[in-house]
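The next part holds the structures, each set out as structure tokens.
Each of the next two complexes has chain A plus one more chain, namely chain B in the first and chain C in the second.
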Partner chain A sequence: MASTSMIERAKKKSDFRKTVTPYMYLVPAFLVMAVITFYPLIYQVVVSFTDFQTKDLLRGLASEKLNQVGVQNYVDILAGGLPVQNFDFFRVLTYNLWWAITNVALHVPAGIVIAVLLNTPGLWMKRIYRSLYILPVVIPPLVVATVWRNIFDEQYGAMNQFLTSAAMLFGSIDPVRIRWLEDFTPPIAWLLPNGPLTLAYYAMMIANFWLGWPFMTLVATGALQSIPKDLYEAASIDGASAYQQFMNITVPLLRPAMIPATIYGFTTSFNLFSFVFFMTGGGPARSTEILVTFAYDLVRNLRLYGAAAAFSVIVFFVALIIFLITNRLTKATENIVE
Partner chain B sequence: MASVTFDHVFKKYGDVTAVNDLNIHIEDKEFLVLVGPSGCGKTTALRSLAGLEEITGGEILIGDRVVNDVAPKDRDIAMVFQSYALYPHLSVYDNMAFGLKLRKFSKDEIKRRVGEAADILGIQDLLERKPRQLSGGQRQRVAVGRAIVREPKVFLFDEPLSNLDAKLRVQMRSEISKLHQRLQTTFIYVTHDQTEAMTMATRIAVINKGVLQQLDTPQNLYDLPNNLFVAGFIGSPAMNFFRGRLRKDGDKLLVDTGDFSVAIPPSRSKVYENHAGKDVIFGIRPENIHDADFVPANIDSEKVNVKVDVTELMGNEIFLYLMSGQNTFVARVDPRSKSRVGQQATVAFDMDNFHIFDAMTEQAIR
Partner chain C sequence: MTAHTESTKNPIVRFLNMNTSREVGGRELPLWRQILLQVLCLVIAAEVLFPIMYIVTLSFSSRETRPASLELIPTEISFAAYKQVIDRPTANPITFIELLRNSFLLSVGVGLAALMIAVLAAYAFSRFKFKLRSVLMVLVFVPLLMPAIGLSTPLYLLMNSFRIADCGGAIAISPFASCAVGLGKVMFNLRDSLLGVGIAMISTALPFAVWNLKGYLDTIPKELEEAAAIDGADPNQVFFQIVLPLALPQLAVTFFLGFIGHWQEFALPWLFLTQPESYTLSMTLYNMTGQYANSIPWNRFAAMAIIVALPVAITYIALQKQIVSGLTSGGVKG
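Moving on, here comes the complex of A and B:
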């Protein structure tokens, strides 16, 4: 019948509207992303299969001298075929993971403990402490790195001067001259064994600790505030000491907030380009190099654009794997608390 | 099992005196309810007993022991919080077992006690669940269970039913009463709901503004309120009050409200004779005001002309909201009453059941 088919057509039309309308709204955002995200991304993948070098910069992918090299760049990176000294992809990757893990392993517990201490009821000048520890969060890592680089300076650095004064108390007259960021072999062998980790690593751990704990304290402080006070009261009646309350209530109830913060801290440290670049530049002898600083080196100094592109693609997949793992972890801890 | 004593207890927060010279002796196995309006200091009194607040003055005793300086965990009490305060990350079983584990009970003993408490409360099937997977009523049971397993000398409840819906509240009320009979332990229970207090308590302490108003059995509080506050607080709908003056008219003693006056029957006038001429507040409960057509036999009654403002049929009775001059008041009358909204009517005050309070001191005149 004519009337029913008309109704059906009208219905189809409105169905069409319903399905298409949301996409219409997404178009502008998609266009922007296409230009600033997807195009460079695809361009980079294409470049990663070429021997793109300085000579090709002018004409880009249209350059006559550009050669398709297939997966050669990838093979070179993974098998150590790049014309770079002291380079081993898996060593850098391992160091990079270790660097990120050891950082959060320090920042998170320290952040929580400091948050709990600052949360003590009746503590004097709470507001001042709370505004103070925001500072490292808002200072650019570049500035922090530069300041700490100076602190670890061999001649004029505060660290060596402090150690000199401390040594003088014990009767030593020689100025302490530790080359924190340059020495490859640690000065005190029994304390810091001579392994893949150089003194610079420890210096950077100290500096990055200053940079990293306040964020964790910030998150933990917020989360602490959301733990109902009466849980502690119930626990104190149940017979829990302050330490038992911390372990049985504070820690488990901070987890939902701290796990995302830990993941954030991990990825931040993992890709902490400006800090590493300005503090040691990856040295000495690439011992503190992380993936992103190395990628930068490939472009900036070695001008191996094709290899750098391939490197970035690999880093992307590393990041993806890390993301998937951490995502799992977050899911597993969701819904602990209502 | 133990008695509990508040001996001249004060608790101040800065300028606020939350508990003001509280004296209560609670016998062993008693079910004492602390009742009063919100902010009157009930919770503070209970928390002081639990050791969660340090008192400003006086002594609190559990049994014969002064516990002022004893830590909460060593007071041998258990508390059910208004919010339940269940550990959100622990299962129901672990919530109940938590205190026992800390006290180093054996696994078997913990299992036995938790199982027993779960049986009593009917939550055997919920032991594996997390608190967020429970309804309000179930959480409430778990909170009670956590208190039971400890087998404390004194149970403390802070408005445990106020987060439940009306029906569940009634049900839990009787369950807690049964629990008290079963455990034969001292219960101290805080609520702002006088109905809860009346239905559960062996004795009730009525508190207002941090001050104990009256401590007595539910029936005595209802029949013989010491002062205006208790009279108005206990009973629902609340007692009607009329400002007036005691006046002698010949050999009769009247309460004159300005709009109407009622004669005090000779059997009771002796008590009030000395107060003739005094400003008083006359109180009468709604059930003691009858429709003039349906006055029970054998009572002294005084007729008052009123205007009917609102009627509420409850089935077995009718609530009449009445006006007489400046006064508005409520009567619970026979359902056969012919009173209609907006019309004049005549009601009868049962003059065997009224209260008179000194308008100045607000104390009952007896």
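Moving on, here comes the complex of A and C:
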């Protein structure tokens, strides 16, 4: 009798330990996240309903001068009532989406074409090209942005100097002085009329193209290798041209690898803070501002903490919507593959 | 054989080694096509090398004036710019060693702290079935959705509320006590310290590390652990004596991935820190560009850009194999 009760007690004890153990391993992580993630998230929502400003910094939410303003911050952001020049939420949102989409639309095809080019059987110096083409992946984007910023300098930048030398070949003597990062007139006015695409946008597209396609080439090369060679042999026996083979074999079989990479590229470009901040700082006149850089500007320079909190809440929902859509896209493609 | 399977798993290695065996039997490329494709490849190589050669040439130049014409091949190898940057990186009273120390403290400290906490949580999520598992996993995942900048406002305000002030004799620690209004001298503000920035950076580093490690732990076969459990080992012994040693390579990869990211961290330090002595290298690089850069010779900027890029590039190249396979086995799959 005594022994069975002891066994039961021991069993109960081990049951208790079994249920508690996983939580013990989670305690440190959730304690930390409670303080620096979840509490700030709630705090953010609370602050977003106030007119928190620099004068309230000393006492925080206990400050006597703090006013509850309800949804005023949200209304101001969406309806353009913020005391900020050149800011229109929907213009920035449209530009941000356009920026991410156009980047991906250039990087992915270029990445695939270059991967196919490098995959040509019998091409000389393949290894050298491959090790060269990988270089942009290993350089920090922030350094890339600073370097390109200097390249696009009006007076001393390499781009204008390069264009000057190129123009000299055609007999021009005048130095090229394109104000890449300052000029506000959109070169192609009908393109995205909602947000003026200034020269700075094109300059950033060039710089980010340099940064972006090698990653896509990397992914595409991996996927190309898994395409069976006999498919191409069978196709060429049937008389399919190289172009037909590319469109009917390569592209469909690359899709499962390229769609996640495209989505990854899209979200990265959408939130590409340090690149935009270092290259143009959102200028000229906020024309290249994306959501995250504007959120940062609200805190760092304008010091409108209440509005910044409200803006971050909005950004969170934009990110959530994008996540839900992209998640659905990946799931949909997974189903097709399986 | 193992080396072969290893290499096919990894995109970068595969990218660099591909096709070498297949070419032997493949048909020859007609010469005119070879030449055409070579020209194309060279044009692409030129595009890739253009900014790299530009900045390398600039950094090896001893001229302090701005470049008057385009130079892409160094005409001289002078380390003057590097020497100047290391001797006196900014106009602020901070030495290069201190900048380097701050950057390393921040990136290594945040990386290690996140790793230690994350591996415990990853183990729990990977190996135990418990009631709140899915709810807690979603809670860890949600912060990953938020762009890191999104939390900067509340983190700024929170860190700013931890202050130590000297109220003329008495020491007051906010938010628990503060000096009378208008009095007191702030001795320490958590927001304005590397510690505060580090704590804030953990908020994005931690979820990433948890997901990355969980993905890897899921791939470790459970047989060893089950055998140990039959021999009477409790979950703690299993964790410390079996799982942790097995996960060591992935711990290193997660740490270095974090390091690469934290080394470039700019937004939070630039927002939080006001004292030049706690500046980091990436903040210094920002100070050397654009509107702040009027007086800074471009060769020095170029040298600094290369100095900031080097640790990341070296880490990538040294660990490319592990990093890429680590990325593919971890986080992505969730």
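We take it that the second predicted complex is superposed on the first by the 291 of 338 C-alpha atoms of A that agree within 3 Å, B and C clash if a C-alpha of one lies under 4 Å from a C-alpha of the other, contacts with A are read in each partner's own complex, and residues count from 1 in each chain.
Please note the rule applied: a residue touches a chain if its C-beta (ideal position, glycine included) is under 8 Å from a C-beta of that chain, and two chains touch if they have at least 3 such contacts.
Just so it is clear, the structure is predicted and the values come from calculations on it, not from any experiment.
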First (chain B), second (chain C), both or neither touched by A:P228: first
Which of chain B and chain C A:L93 touches, first, second, both or neither: neither
Chain B versus chain C as contact partner of A:V137, first or second or both or neither: second
Chain B versus chain C as contact partner of A:T19, first or second or both or neither: second
First, second, both or neither for A:I237, with chain B first and chain C second: first
First (chain B), second (chain C), both or neither touched by A:L78: neither
Which superposed partner A:V292 touches (first chain B, second chain C, both, neither): second
Chain B versus chain C, judged by how many residues of chain A each one touches: C
Touching partner for A:P252 - first (chain B), second (chain C), both, neither: first
Footprint of chain B on chain A - complex, ascending: 228, 230-231, 233-240, 244, 248-249, 252-253, 255, 335-338
Parts of chain C lying in touch with chain A, wherever the complex brings them together: 8, 11-12, 14-16, 18-20, 22-23, 26-29, 34, 37-38, 40-41, 44-45, 47-52, 54-55, 66-70, 116-118, 120-121, 123-125, 128, 130, 133, 136, 139-140, 143, 145-158, 160-161, 175, 178, 199-200, 202-203, 206-207, 210, 234-236, 239, 260, 263-264, 266-267, 270-271, 282, 285-286, 288-290, 298, 301-302, 305, 308-309, 312-313, 316-317, 320, 332
In the complex with chain C, residue positions of chain A that touch it: 17, 19, 21-23, 25-26, 28-30, 32-33, 36-41, 43-44, 47, 52, 57-60, 114, 117-127, 129-144, 146-151, 155-156, 158, 161-162, 165, 210, 214, 217-219, 221-222, 225, 229, 260, 271, 273-274, 277-278, 281, 291-292, 295-296, 298-300, 305, 308-309, 312, 315-316, 319-320, 323
For the chain B and chain A complex, residues of the former touching the latter: 50-52, 71-73, 77-79, 81, 83, 85, 87-89, 98-99, 102-103, 132, 146, 150
